[in-house]
Amino acid sequence: MFRIPPLFNGMTRLRVTIWNEFVHERHNPAVAAIYPQGLHCVLAGALGKREDWSVRTATLDQPAQGLPPAVLDTTDVLLWWGHAAHDAVEDDLATRIQQRVLNGMGLIVLHSGHWSKVFKRLMGTSCGLCWREAGERERIWIIEPGHPIAKGIGNCIELEHSEMYGEPFGIPTPEFLIFVSWFAGGEVFRGGCTWTRGSGRIFYFSPGHETYPIYHHPEIQQVITNAVDWARPQGRPAEVPRHVPVEAAREKIVARGSSMHDSSGELRKSDD
Amino acid sequence: MFRIPPLFNGMTRLRVTIWNEFVHERHNPAVAAIYPQGLHCVLAGALGKREDWSVRTATLDQPAQGLPPAVLDTTDVLLWWGHAAHDAVEDDLATRIQQRVLNGMGLIVLHSGHWSKVFKRLMGTSCGLCWREAGERERIWIIEPGHPIAKGIGNCIELEHSEMYGEPFGIPTPEFLIFVSWFAGGEVFRGGCTWTRGSGRIFYFSPGHETYPIYHHPEIQQVITNAVDWARPQGRPAEVPRHVPVEAAREKIVARGSSMHDSSGELRKSDD
Amino acid sequence: MFRIPPLFNGMTRLRVTIWNEFVHERHNPAVAAIYPQGLHCVLAGALGKREDWSVRTATLDQPAQGLPPAVLDTTDVLLWWGHAAHDAVEDDLATRIQQRVLNGMGLIVLHSGHWSKVFKRLMGTSCGLCWREAGERERIWIIEPGHPIAKGIGNCIELEHSEMYGEPFGIPTPEFLIFVSWFAGGEVFRGGCTWTRGSGRIFYFSPGHETYPIYHHPEIQQVITNAVDWARPQGRPAEVPRHVPVEAAREKIVARGSSMHDSSGELRKSDD
Amino acid sequence: MFRIPPLFNGMTRLRVTIWNEFVHERHNPAVAAIYPQGLHCVLAGALGKREDWSVRTATLDQPAQGLPPAVLDTTDVLLWWGHAAHDAVEDDLATRIQQRVLNGMGLIVLHSGHWSKVFKRLMGTSCGLCWREAGERERIWIIEPGHPIAKGIGNCIELEHSEMYGEPFGIPTPEFLIFVSWFAGGEVFRGGCTWTRGSGRIFYFSPGHETYPIYHHPEIQQVITNAVDWARPQGRPAEVPRHVPVEAAREKIVARGSSMHDSSGELRKSDD
């Protein structure tokens, strides 16, 4: 039922793909002033400093929405930024990304990507939150100083201008809560969270509103670089669902009683 | 974006609905011999002993696949058994159930329900597993003797005849692992797991293959009864996503910088 | 090795004991003005409204530091407040409380109790935090609206005057993070956390500094009442460590190879 | 309150120390036949194949019980095997190891080390289990194929002769459950578990009874090698508890109300 993509090869360069819907930068002058070539290019510049990584970008307007199998199946860690065009992403693409994550690809979901199809599918929850766009101060506190995603960061990161994202955030309890944000307007937010789904690692990182130069911030770039490093595929894809015939059992057993399935594991036709 | 159903009322009887696809019992004589009126009726008999509960059943062949809004929106805890007809369940029904769980309804997923649309959606993972139908012995060990779902159960439950479900089981790490099964053929399985999604509690319980009288077993009935009790709605639905205008901020702040949204929180048209 | 206390009896009234070191209230006029008879008495008044509960108080200056076996072993949920006298609590008492929690007693640790012997032992971590006493505003946000401990509470609780507790908080990742606090001075804190240890449920709740009337606040009282309800013993104590002789194995096996132990499970003397 | 050891330096070789109580190998001929120089030496041989690691051994009979500060404070990952002499380990040593873990050292606890002082302290629970020494077959199933500790291992590892460890195992819910064991006598066991405590990573791995040549098994050696790699220090030690004076608050605030502490953060004497 699941297609297993080419196996990851830890010996080669880590293959990183930055996906951006790339809408606001082309239609909103305020955003274009900050990210003239798209925010994916600023991120690519930051991640590209790692010489042992191979960094590409992909955008919604490209063929196959930027992620044809030839790209997605050779991606080890995918970054995702979307806001205005979540609905434009095809269901089939969301399905392919989800499968790739379950098979081991790392996924970094940025800012308004909380509302993307792929994040909602992997979480299974609403992924909703409260928000306010007032250019207010955000202070991102490190909750787990020992976590590799927090490496090289002090006690907190300050953003003088940011969009407020507030609780309750409709996510499953994170496996690790790395960052919690404080906002001048009075809210808090679990802005740095990790989960494992299948063999894939997922990190959600909330800072990154497009009207502020947040992805130019060195410490934000450091966190995202750390996160890519952390999210790299670790083991192997989980097994596909499989039937274990009686004669293949590891302990000798004899089949007893009636059965719904034939010897190949298919449901008998009379039941359908 | 989310419709909030009528609020749960802790003062009234707990409203329990047992959903069964009800396919095998009508087409397979071996199954019919064990569950002549459907396995949902045996479960209803067991749960019906709780006088403070109101127990209904629902099946796939009923109007609206057994769960029209009038039923689903008055259900506090839903039990789900499916096997042959997972694909027949409409996407819209799966969506409505998922929303109801996020808003606080408890969900008990039984046996082959691991492969149902609603369970896969709430987990976000493959939900795949290994399996073998050989009527072999299963021994269900209690991992968390202090958990309410294990109340009244000894060190383990023995089923002389069962279907093997084996690891790896494609689920997110459970919040609590209550039961782990041992199989005569040599496998193990995380057969009793809990998760919280939104405001809803979810319990997956693996025993229950239709060719063995597992739901007649008093201790299995005890576990399922405990699980319904545990899964009852606890708090209130999480907030829907919402915009907090600057003037509604709890700390006085002044809007600064450019904005992607108008004062009502809608994305400006020029961005679409 | 472990002494099993009298089993909890769900049929009777829940037995709640509020322990307070009761130091500041007798030596500091500012504290005495807020809690003339000790903060335990204010909490007892709040919890005492539940007619199905039996509420007692205990203080450090009483015989056996307020918790002789006759009291502790008949306590279903224990609340703990300490600050100046953590070191005065005897190791043996901390051991007895830890054992009682592992066997199923609920434990609510309040405010500066984060630094108590019993909390540190149950967590295994530093339990350290940052702090500042400036009477600043604290806003306690609800992270999990569906959790029973948040029942009846709105989006947040505001305390006009509070002591700041800040991250990083040296605790194991909580099973559920119910509340996160915002402070006017710029910090955040995971102020409402749950864990399970053995068969016991633990809730840490940070508000409660003794120079502000926080335990008089109706919503704070509501949270603590909810927490006691939630922490009540659920199942049974976990098994003590035990030897399973070969002839008692549930599957027939024959002993093979050499052994470090004699037939009763004791290490052979020649090894000591 | 906490002493911060020399900071870990990711640029140098990983410093691994294998601690063994080294009792049975010198007094029991059956054990000596399998591990003539002690099981720590077999493990050192296996881990020593990693040329980028620096591997040492330490035993109970050495000065400072093998772990003087000069050794412990230069250890990045510590392996621990004990059985007969848990009580002989000094409390102070257990305290120093616990602190070192909280500050970032990895800890691999092997087999009967579940009952060691240091493991019990870090878990906060009983750490008890059921057991039987019958040389029975154990099959260790991989639960998380994507986890780095399972790298290079197939679906399961089979040990023809092993000691049974059975549930319930008195541990906090592991963050990740990597392995679950099946035993011929009918039990199951969570034999491969991870936790984070402070900035340190902990892995418990149950196989390793001293009367069977389990640490000679290539796949067992692979798992332990993987675990050391995984447990290496990741970030930085968490902050020590610290007072944040009002004038150092990141947002401008003015101290209000009465205070329990003087300006340096010490409790006022009048309160003691």
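Labels for the chains are A, B, C and D, by order of writing; each one numbers its residues from 1.
Throughout what follows, a contact is a pair of C-beta atoms (placed from the backbone, for glycine too) under 8 Å apart; a residue touches a chain by one contact, two chains touch by 3 or more.
Here the structure is a predicted model, which means the values were calculated and not measured.
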Request  = Give the chains in contact with both subunit B and subunit D, ordered by label.
outcome  = A, C
Task = If we define chain centres by averaging CA atoms, which chain lands farthest from subunit A? Would you check?
result = C
Query = Is the contact between copies subunit A and subunit C built from the same residues on both sides or from different ones, judged by whether over half of the numbers are shared?
reply = same
Ask   = CA centre of subunit A versus CA centre of subunit D: separation in Å?
value = 31
Message = Taking the mean of the CA coordinates per chain, how far is subunit A from subunit C in Å?
response = 36
Euclidean distance of C-alpha centroids - subunit A vs subunit B, Å = 26
Ask   = Of all residues in subunit C, which are in touch with two or more distinct other chains?
value = 139, 144-145, 166, 168, 173, 175-176, 184, 186-187, 196, 198, 238-239, 250-251
Inquiry  = Which residues of subunit D touch subunit A once you look at their complex with the stated criterion?
reply    = 104, 139, 144-148, 150-151, 155-156, 158, 175-176, 184, 196, 198-200, 233-239, 250-251
Task = Can you check the complex and tell me which residues of subunit C touch subunit D?
result = 1-2, 23-24, 27-28, 30-31, 83-84, 98, 102, 121-126, 128-136, 161, 164, 166, 168, 170, 172-173, 175, 184-187, 195-198, 209-212, 238-246, 249-251, 253-261, 265, 267-268, 270-272
Request  = Would you tell me which residues of subunit B are touching subunit D in their complex?
outcome  = 139, 141-145, 166-169, 173, 175-177, 180-183, 186-188, 190
